[in-house]
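Encoded as structure tokens, the structure appears first; notes follow it.
A, B, C and D are the chain letters, set down in written order, and residue numbers restart from 1 in every chain.
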Amino acid sequence: MSVRLQRESFDIGAELKALRGDNCDIGAVVSFTGSVRGTVGGGDLLSMTLEHYPGMTESELRLIEDEALKRWSLEASLIIHRYGTLEPGEDIVLVATASPHRAEAFEAAQFIMDYLKSRAPFWKNETLRDGKSGWVDAREGDKSAEERWKTS
Amino acid sequence: MSVRLQRESFDIGAELKALRGDNCDIGAVVSFTGSVRGTVGGGDLLSMTLEHYPGMTESELRLIEDEALKRWSLEASLIIHRYGTLEPGEDIVLVATASPHRAEAFEAAQFIMDYLKSRAPFWKNETLRDGKSGWVDAREGDKSAEERWKTS
Amino acid sequence: MLDQPMTPNSRNCKILYFAWVREKMGRGSEEIEIPSSVLTVGDLIFFLKSKGGEYALALENESVIRVALDQAHASRETKLGQPREIALFPPVTGG
Amino acid sequence: MLDQPMTPNSRNCKILYFAWVREKMGRGSEEIEIPSSVLTVGDLIFFLKSKGGEYALALENESVIRVALDQAHASRETKLGQPREIALFPPVTGG
């Protein structure tokens, strides 16, 4: 039940430990970490800069988390997303979910990532080693990944 | 591409860091941690003892990992399972998968857990605070969770 | 007062631009007076595009442009209302 | 040699028991001579159960008993062959 937007990196081990706390009803914790890859469509990456929409980003992440909490009975959840300039190998996002049994934690983490990818107002700009730079195009798969969660 | 069976606890943060190494093709890491809950069907838990089948356990875990590597193109994977006597809040199992994009890491981690739950030869014996003890029954859902991965 | 031209529902709004929409616009935000004829988000895009220049350039590929009203996602059919803040941006690519 | 009773394919196997099967058997392993008439895993269960005593007790609810041959899962129809090691156990509950 926590959303953070930050420039700094995060410590996954410490975050998962804090998420769990001393809640002994938690039997399953799922984490997703997204990180900057070294090779992208256009070539070798020097760095990636994440622009975002201050204000809307936080509220959109909270909406996504609220929706996950409505759909699955989670004991705890966490979304951390970074912004600013990151290098290959650096972490971008951490999503973690905790529940009594594994199915709910897995589904909720996937749901949060799918929604985040198509709704949270972040934009990636890649700078390649050869000096070129450009905005990353949205992946077609991300829209369809979001759509599988639609309830009628 | 690593399977470990051990009595000792593990450090999730350190394990995920080692899994990633300096592989810059990894864009997504999914982890699942299973832990001992404090309240079970029969009451408050004092401890849980995991019996296993030495030899078969390791080979079965390796088979499961191999099958995951065949089905999804993973950059790295890890299965750690503990045995012996554990207390509420202690971790039992860690499964982690790494891939360029998130869908594969998520699916492979779920697959490994579903297979592990119905194929790895571990048996849980619970000791309750009131002194009673008994073997945990297999959950019906675990068999059906495995079956959704069947290829025809 | 009755002598003044009445434009009921004409309103001044802050518009924000992000990513390549911001780059093509050459600025991150501005105040714009939106005429009363603009009723929906779709109308707004049409209105802005018709201003030409950097607007026409930034909104050239208008089907990919996303719009948020007061920091909430809006579709083309969403009624514009009286937002304090409008944002135009490309499809998001975080995560 | 021809005077000795021939039981071709009768074989001595190590059988392991786990969890409550082990508890009901009162031991974790033993050597058992398996007669030639036992061709499949299903036959083996039937043979063991027919020995009565702790075998009948441990295998009472036989449909839930799982069997591994040389550390690999086997179904009731699996041919027994000449395994070095057979294991009987309840459904697994790890993870």
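Everything that follows uses one rule, which is that a residue touches a chain if its C-beta (ideal position, glycine included) is under 8 Å from a C-beta of that chain, and two chains touch if they have at least 3 such contacts.
Not measured: the values here are computed from a predicted model.
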item	value
Chain labels contacting subunit B and also subunit C	A
Centre distance in Å when subunit C and subunit D are each reduced to the mean of their C-alpha atoms	75
Rounded Å distance between subunit A and subunit B, as computed from the means of their C-alpha atoms	23
Inter-centroid spacing, subunit C versus subunit A (mean Cα positions, whole Å)	28
Chain centre separation (subunit A, subunit D; CA means) in Å	50
Subunit C residues counted as touching two or more neighbouring chains	95
Interface hub residues of subunit B, defined as touching at least two other chains	34, 102, 113
Touching pairs - complete list by chain label	A-B, A-C, B-D
Subunit A residues within the subunit B interface of the complex	11-14, 16-17, 20, 22, 24-39, 88-89, 100, 102-103, 105-106, 109-110, 113, 141, 145
Residue ranges of subunit A in contact with subunit C within the complex	34, 50-53, 55-56, 59-60, 81, 92-93, 113, 116-125, 135-139
Interfacial residue positions of subunit D with respect to subunit B in the complex	16, 18-20, 68, 71-73, 87, 89-95
